[in-house]
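As structure tokens, here come the structures.
The same chain A turns up in both complexes below, where it pairs with chain B and then with chain C.
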Partner chain A sequence: MNLKTLRDYGRVIFYAAEMALRSNLTDSFVLFGILVQPIIIALLAFWMLGDRGGEYIIFVVIGSGMTGLWTSCLFISGNSITQERWTGTLELMVSTPTPVSVIVIGKILSNVLQSLASMVLSYTLAIVIFGYVPTINQPVLFTISLLLTILSYACFGLLISPVFVLNPDVQRLQNGLEFPVYVLCGFMFPIALLPGWTTPLSYILSPYWAARALHATSSQWNGLGEVALSWAAMVALSLIYLMLSSLLFKRLLRRARLDATLNIQ
Partner chain B sequence: MKKFILNLRLFWEGALLSYIALFHWLRPAQYLATMIWGPLASMLFFVFLGTYATGSDSASFYVIGNALQTIALSGIFGVTMSIGGDRWSGTLPYLFGAPANRFMMFTGRALMHLLNGVLGAIIGLTWGVLLFGLDLGRANPLALTLIILVATFSTSGMGLLMGCLSLITRNVMFVNNTVFFLLLVFSGANIELSRMPAWGQAISQVLPLTRSIASARRVIAGGSLSSVVPLLLVEFMIGMSYLLAGYLLFRWFEFQAKRRDTLEAM
Partner chain C sequence: MKAIEVRNLRRVFRATIGVVRRKIKEIVAVDDISFEVYDGELFGLLGPNGAGKTTTVKMLTTMLIPTSGEARVLGLDVVRSAEALRSRIGFVFGGERGLYWRLSGYDNLRYFASLYHVDPAVSRKRIPYLLDLVGLSDRGQEKVEGYSRGMKQRLHIARTLLHDPQVLFLDEPTIGLDPVGARELRQVVRNLQAEKKTILLTTHYMFEADALCQRIAVIDKGRIIALDTPEGLKTYVKDLAVIEFEVYGVPSNVLEQLRAQPYVHTVSVENRDQKQALLIHSPRGSQAVPDLLSMMNGIRIGNVIVREPTLEDAYVRLVGGEA
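Take a look at the complex of A and B:
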């Protein structure tokens, strides 16, 4: 791959992201998932965890933001290819010279970045309604954790979007996948509360490590070792997701060219 | 008498066909994911969050609240989609063109979801018993059944009102989702009402579920049916108010849609 190709791909990613952003801003379901639902969950958690003291406010801000990120990843990023099928543009997208995965990367990056609005809104809610200004213990490490979180969510989105297209049966379970990840990833409470057999499931989900890194750097500082472990896990899992995603995209294209079943719902 | 039987038939067939139409695209796995797995996962989340906040002794508080909250899935989403489905599938003009009794046609849309809601609450309470050791030993079964029925009625009343919105807006799922999540907060399913600010308590008083959740907690703790009857009566009246408001809106939207020729406008 030469520099020109890279530059071309960058341009495609940028415009795909821009189009996804414009389209999402008019989609009430997206706005609900990114803005309304995390705020309601934050409000609920503020009242429920209020007695635990001010330090839990930032825990709730981060946790509710993570719920918004996952909801967006599941329903918006997860549907980023299916959406093209619904609008009849999937065949056109598959037949362009640009790899489908490059277009999907742009869409998913845009989705993840706009989902961060849920964290900002929860932060604002803490100030406006509860009169508390949450502070972040380790701002630099938190920023690095946030960047890795964006990367890991994007890779997770890249994994689930072809899965949903290739296996409509999995997509039919989409509604039932939202809360289990909230639970398994410890967004709002430690996974130590869960039965021990669920812990390996948490470990293979990058949102768990993202939540762990963000909570640790914002309010539950236990030393650099824990944060470094979370970062390493996020990077390793993201690479695995990318490899699996690459295989799935190849299968998707193969199916498009050989079976001609792309538009079958 | 003939008219009565005709209306009854209209009510029953409307109920059955709208339910079949709503779920015709579903496969068993999707139905199970929506009706059993989804509510269970939601219950687990709020029970763990609640017990993290207040200690493991309070698990039953959250289990009961979220088991009853399951009713809102059928009452709000199911009923709304049954009414809105006529618009999306292009059958609304035929519906409004028929000389059928509008009240029967309108309320029939909620019947199957009432039953679904009852089933949802029973499944929710069963999960509570199996996973969190919820003790139903002191509960009066008759009182608990009555509470679930009143809760399904009141949430379906709200669902009928929301369903009317689906006749005039494309964003009804946004409204539905928001209402469902607001119920999670303000119905007392997850927070003691006394812990909310005055404005939050005021909102909770006009919502369905608030009183049925409080009643269920009281009855499961050993309270008698007579101790919750006043609460259930108010909850029933709230449901009836939503239902009547929904029906009036339904007629008004029909009138407006015919006058402006916007029945199929999206």
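Take a look at the complex of A and C:
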């Protein structure tokens, strides 16, 4: 891949992200998922757990923000190809020289960045309504964790998107997948409270490691070792997701060209 | 030089029927077709709905993998060299889909230009030019959701020209347009032809094919049944005259009786608002009119015209009066 191709792909990612942002801002379902729902979760958590002390507030802020990120990843990124197929634009995307996965990266990155707004909203909510001033223990490490979280969510979205297209049965379970992941990834409470057999499931989900890194650097500091482990797990899982999604995209597009399912009317 | 070469191309679709006892039914959409299109030529693929036109175009534009056979566009195999080919061809499918309705026409073009890796400096000049070419320069900043069907079709034409492709595939580009919109779009196609683009146009409008195409392949039930110039195709019916009866409803038994006459080659009915045109091809011409009228007792008949055959008549004869 030469420099010109990289520049072309970078431009595609930017335009795809911009387009996704414009579309999402006019979609009330999306706005509810990334703005309203995390606020509801944060409000409930503040009322129930607010008396636990200052550190727990930032835990709630991060946790509710992560729920917004996952909802966005599951519904918006997961549907990114399906939606293009229904609107008749997938055929056009596929017949351009740009790989579909590059376009999807742009859309997912945009969705992830928009979802971070829910974390900011929860933070503001804590200050304005409850009078808390959440502090972050390790601001630099937290920022690094946040950047890795964005990347790992983007890779996870890139994996989910072709899986949903190739397996419509999985997509039918989309609603049911939302809350189990909140629980398995320890967004709002530690996974130590769950039965032991669920732990391996948490370990293969990068949002779990993202939540762990963000919680550790903001409120539950146990030393650099734990954070480094979470970062390494995020990077490794993201690479695995990327490789798997690359294979799935190739398979998806070949199958769609064989089965004539690029366009559904 | 050949811009498009198609050899024994075939495409079979599989459909599942039944709920409990599922059966797989094979539908042959394109059945062993071969043709060539030369550089700068405007080639027509003419056929009724379901004849296999769109399937052919989708295979040539790399969107469908053929079941068997071979196709090359600009010397590149449509399956093995699909990625290399995509930046050199453009296509338009009739209809309103395939655009981002919440974005403006300009933003749609800017986005697709990035997908085709058009340099931003080039697209900044090219997009206004293309919007002007398709008559949308004053509406380019408006959201596509407010466009008429014809405007969306024209925006598709602009989209397909963003990367200045050498070969264009236009699949029923005027379908569903009002007469003025269709005429404007045909003018755009003529302009593209003047720019020496190679164009493969599919249509089921005879006059459109006649007016635009240099050569026409008539396709029916997945097979090419004739390939010639418009004038050449008209010679298929030069021995016949067309007798046109203006009628207000024709029972099927009368149609069967007409078809059974030895001097009648083809019988077809066209709907024209409240009335129909009953078209009969016969070598006897006006001499056959009294006999034919005697078979249509009790049917309300308006004008009766006997005329020379057109391309449409040739087409009707070729596809067996099912147009």
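In this section, the second predicted complex is superposed on the first by the 263 of 265 C-alpha atoms of A that agree within 3 Å, B and C clash if a C-alpha of one lies under 4 Å from a C-alpha of the other, contacts with A are read in each partner's own complex, and residues count from 1 in each chain.
The rule we apply is simple: a contact is a pair of C-beta atoms (placed from the backbone, for glycine too) under 8 Å apart; a residue touches a chain by one contact, two chains touch by 3 or more.
Because the structure is a prediction, the values reported are computed rather than measured.
Of the two partner chains, chain C is the only one touched by A:Pro97; chain B is not. Contacts of A:Asn2 after superposition: neither chain B nor chain C is touched.
Touch criterion met: A:Thr26 reaches chain C, while chain B stays clear of it.
The contact surfaces that chain B and chain C form on chain A in the two complexes do not overlap at any residue. Only residues 28-29, 31-32, 36-37, 40-41, 43-45, 47-52, 169, 172-176, 178-180, 182-183, 188-190, 193-194 of chain A touch chain B when the two sit together in their complex.
Partner chain A is touched in their complex by these residues of chain B: 26-27, 29-30, 33-34, 37-38, 41-42, 44-45, 48-54, 170-171, 173-174, 177-178, 181-182, 184-185, 190-191, 195-196. Every residue of chain A that touches chain C in the complex is listed here, in rising order: 8, 11-12, 14-16, 19, 22-23, 26, 87-89, 91-98, 103, 254, 257-258, 260, 262-263, 265. Touching chain A in their complex are the following residues of chain C: 13, 58, 61-65, 83, 86-87, 91, 93, 95, 97-100, 102-103, 107, 110-112, 114-117, 120, 159.
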